[in-house]
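Just so it is clear, A, B and C label the chains in written order, and each chain counts residues from 1 on its own.
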Amino acid sequence: MTQESAARRFVVAAIALAAAAAALVGLTLLAGASPIDALHALAEGSVGSRAALGETLARATALVLTAIAASLAFRAGVLNIGLEGQFLAGAVAAAAVGPLLSGAPFVARAGLLVASALAGALWVLPAAYLEARRGVPEVLSTILLNLIAAAAVSGLVRGALQDPRGDYPQSRALPDAVRLAPLVSGSRATAAIVAAIALALLVTLVVEATPLGLKLRATGLAPAAARAIGLPGARLRLLAFSASGALAGLAGGLEVLAVTGRLYDPFSAGAGYTGIAAALLGGSHPLAAAASAMLFAALGAGSSAMQRDTGVPGALATIVPGVLVLTVLAARARLTQKRA
Amino acid sequence: MLPSLELRGISKRFGETQALSEVSLSILPGEIHALLGENGAGKSTLVSIAAGRLAADAGEILRNGSPVSFDRARDARDAGLALVPQHDLLIGAASVADNLAFLDPNAPFFESPAARRARVIRLAQRFALDLGDANARVDALPVGTRQRIEIAGALTGHPEVLILDEPTAVLSPDETAALFASLRKRADAGGAVVLITHRLAEVFAGADRLTLLARGRSVKTCRVSETTPEEIGGLLLAGAEGETREKEKDFDTHPSKHAARSAANQPLPSLELTGFAPHLASAVRTENVSLSLSPGELLVLLAIDGNGADTIARAIAGLERFSGRVEVGGVSLPPSGDPLAFRAAGGAFVPADRREEGLVASLSLEENLALPDPPGRVFLDRSAMRAHAGDLLASFGVRAASSTALAGSLSGGNQQKVVLARELSRSPRVLVAVHPTRGLDLASAAAVRRRILDVCRSGAAALVITADLDEAPLFGAPLRVVTRGRLSAPLQPTTPVETLGRLMAGLAA
Amino acid sequence: MKPRPSILLAVSAFALVSCGKSGPPARSTGFSVALLTPGPISDAGWNAGAYEGLKAIEKELGASISHVQVKSPSEFEEQFRAYAAKATRLVFGHGFEFQDAAARVAKEYPSTVFVTTSGSKTAPNLAPIVFELEQAAYLCGLVSGRMTKTGKAGMVGGVELPSIKSTFLAYEAGFVAGHPGGTARPVFTGSFEDVAGAKAAALALADQGCDFLFQNADAAALGVFKGAEERKIRAFGTNKNQNALSPAVLASAVIDMPRAFVETARRVKDGKFDGQTLRYGLASGVISFVWNPAALANVPPAVVEETKSAEEKIRSGAFVVPRGNF
């Protein structure tokens, strides 16, 4: 992941957005609906009203966190594809710890989020160990850990974590007092989005403006040079890897705390994978990745509206992030070729 | 007579740096044309444009008098132009035989491994180049061997115009002579050769004409017979002077002055190897080495690439595993290889491959120079980094637009200076430097030698590895020649060059 | 410089969006019904059945309909809220997992009715649909009791869930009514997919002397049928009409999901929705007991008659089938 100039990033983003819009129009026509209605519903349902904006922000919370988690790992040269699993680990921890916590809501929330972040960080350890000691690429091990986490969620909501009331495969509900209340009534956006954006800023500062961040970037950009120069590459990678896992775990915890209130199966619609896509779109710059995550959240909220209002399958709009990321990667490769 | 290749008014800009301004160059059939210039003068950029690997901002290219434009390197190759780049572009994970098959435009699509191996032997004999084991993976080979493979690959296509970017920097004297002989044969047969080099002796022994670049402009083009090494040397120094703040006077320091100081005052050696041998399966087996350097002492290892000297240096620096014992300042280093332990004990290392191991190309100069311990408690102290970088860039004469320029945007020679600046600025206890002056122009090379002697004078021990026969004595320090993993007895810097050359080639002295 | 087609496209796309501001087709006039499914409606099962119900509501009640597939639990509330905000009259959440979100949103939008398929939460504008499959299970038990020679019946379940155990309770009650002193023993394989396990359970029960097998094992039911075929005993289909799957199947206890949706919508449209759990049994036609025509010849006419009269009593409410408390 090389650093890019702002101008180049803008050009790439513009090309990608155009391609995505074109794909959406084409697919809407294929589905036999009016692209005008569809795009209008998409816009209305994502940013068209205060409620829609609230939905976009509520969806964005998890995505912003997984996007900065991905960026942090990528910048240090760690291909953490396991954000989905770390997200689920965080959610499981929240669902396990949440109902047990008592006392002031503030304390309970803090305890829950600490547990989630720890669970996310712990979930990277098998992959980190296998990479450091056995040379297993973290891409492979983290993908497998994702599958294990999904299976574990499925088992836990039917086993150890199942709500004793009723025979539904779901965990116990968090007490209402602990759950985060909406910032504005009638909207679902909670303080979690504010926390996510604050963390995006913090991670940006750490990566771009601290001695540690410079070391992480050097390790990610040129591992051989970093090693020869005398940077503790293995330790830096582990640090970035577990911090990335902690952020993803926190995302899972916040999802339970602010949105769902319980663990279900399946729990995630791919928040971890979307975070990776957002990081790719943002060139692994944490703030740009967070902005991309917002865009994906808006697309998600908008595509639901599109399906509600026009009957165009919502899956059509989920093609958009894919088109965006592919176009960005292709455009970047093309620009790089032209220069070299 | 129409020129085989003519470049007219070529300009190219990289970000803030104007690399070339309206450079013209014409190459006649049947000539060896030397391209000279200080580091960062634009030599590599110019030949990359000629070979279709870079697009010029302005100017035109003519082949045999008619304008051509190359969208891809392939187009240039089809037009009979071959470039051997300064840094090879071989496929690391493939074998020598496979790489040469990929480089041969006439190779059949399906070819037996035996036929591929036969090509390696054929090429090695025809061009008298040591290409190593045909089955070896290229990424396990030393830089020198890789460069020879790239040269052999370029020659397989029988290009009309052959461009070589500093081919002799990593070749032994015998190989250099053989290369020039084969280049002369090509020229006599009507081919044209462009040769980038820093070695004036080669130019005057083997080239027909020369073009001198300075700061992105062509300064002089003439027949070699119409000028003298002194004139060209003077022009080169003048070209470099704008940035090099001190005049190079007696860069050949007196040998005895330095050697005498060694081992006198301090009993504890700075660097001590006991029964030491690097563990690297694919490299030349190195015999157990024992040597000891006291503070202020300097030892030059002279070796052609691929003889194990580089591996010795890398293992000391903690980048390879080894057996035996390495002590830096009395601290024993772990045999599993730990660059951090080497650094912590006061070691500094200048690697042979500055692009892979020396610098982080996509970070700025000031960021590179701040590693591995960037200043600042919470946030990076950018102003300290800038000041530090400014000092080092000025004192090492690095030609860069600013300290925020990306390290990768610098020319090879200037990158080398940045690596040296970073390593020498740490006041190391032990300096291990591999080819510290490779790719540097004469003035810069002299300055680097002087700096290495300076750190020795201030108490550091230094182990310098070089493949340059002419340079080795200039340190004025004891020499040991490494051939096939074996170290010769210590030699005085006054040893005749012919003797050293015979030792390097593996012949009896 | 060549014009960039992609940029032109972007401009035209934004132009399209802005001239579309005239508004989408009006949807919220009249009776409007929406459906949230947890999966794709092309699954030929749980979600397809709900969508079929929605289409039937459109056709039979003239409602304007809308459907959205919910991709994760985080969206439940968002989707309910979006429909309620558009004054949709009735919103179905197709699964127990929609309860929490529905309850939350129902408080804020009293004029919209929220219905979840299964579940237990109720409010003046919120209720679950409960399928009284037990009524048909009771009839299966009654038939088995009348026809058994050994006085023993077996019941094969997937996972030991309260809803599964409840149907077994009803089957057992029917069996004992048909054959006083008879016993019906349950076996749980622990999986709704393990066909081999279900078959092994069926064989074991047959070897213990059971000559009728009831099952509630979803996809694993096939294993029960195979086991019954091998031992030449009888089995029953559940949830869907499984009569065609095996000659061993004597009858099926069937749920007609689309019908439940239509009945619910009709109730809301007619203003008869009262916030009580929506129980659908034999009387509503949502649950039915269907003989396998291929096997009917082997059933004594007296048993057919008795089954019919028992069904009448259940329909009329004269007889209440026992069910589990969950």
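Please note the rule applied: a contact is a pair of C-beta atoms (placed from the backbone, for glycine too) under 8 Å apart; a residue touches a chain by one contact, two chains touch by 3 or more.
Nothing here was measured: the structure is a model prediction, and the numbers come from that model.
Engineer: Classify the inter-chain contact topology: is it line, ring, star, complete, or other?
Structural biologist: Graph shape, chains as nodes and touching pairs as edges: a line.
Engineer: Whose C-alpha centre lies nearest the centre of all protein C-alpha atoms?
Structural biologist: So the chain sitting closest to the middle is A.
Engineer: Between subunit A and subunit B, what is the separation of their C-alpha centroids in Å?
Structural biologist: 45
Engineer: Just curious, how far off is subunit C from subunit A if you go by their C-alpha centres, in Å?
Structural biologist: Their C-alpha centroids are separated by 35 Å.
Engineer: Using CA atom averages as chain centres, what separation in Å is found between subunit B and subunit C?
Structural biologist: Here subunit B and subunit C have centroids separated by 76 Å.
Engineer: For a test of understanding, state which residues of subunit B touch subunit A in their complex under the given definition.
Structural biologist: Touching subunit A from subunit B are residues 53-55, 317, 319, 339-340, 342-343, 349, 351, 356-363, 367, 370-376, 378-380, 422.
Engineer: Could you please specify the touching residues of subunit A with respect to subunit C in the complex?
Structural biologist: Residues 14-15, 17-19, 21-22, 24-25, 35-37, 39-45, 51, 55, 58-59, 62, 158, 166-168, 170, 173, 186, 188, 255, 259-262, 264, 266-269, 271, 300-301, 304-305, 307-311, 313-315.
Engineer: Which bits of subunit C are touching subunit A when the two form their complex?
Structural biologist: Within the complex, subunit C contacts subunit A at residues 4, 6-7, 9-10, 13-14, 16-17, 19-21, 23-25, 27, 34, 66-69, 71-79, 81-83, 85-86, 96-97, 100, 108, 119-120, 159, 161-163, 326.
Engineer: State the interface residues of subunit A toward subunit B in the complex, per the touch definition above.
Structural biologist: 2-3, 205, 209-211, 213-215, 217-218, 221-222, 224-232, 338, 340
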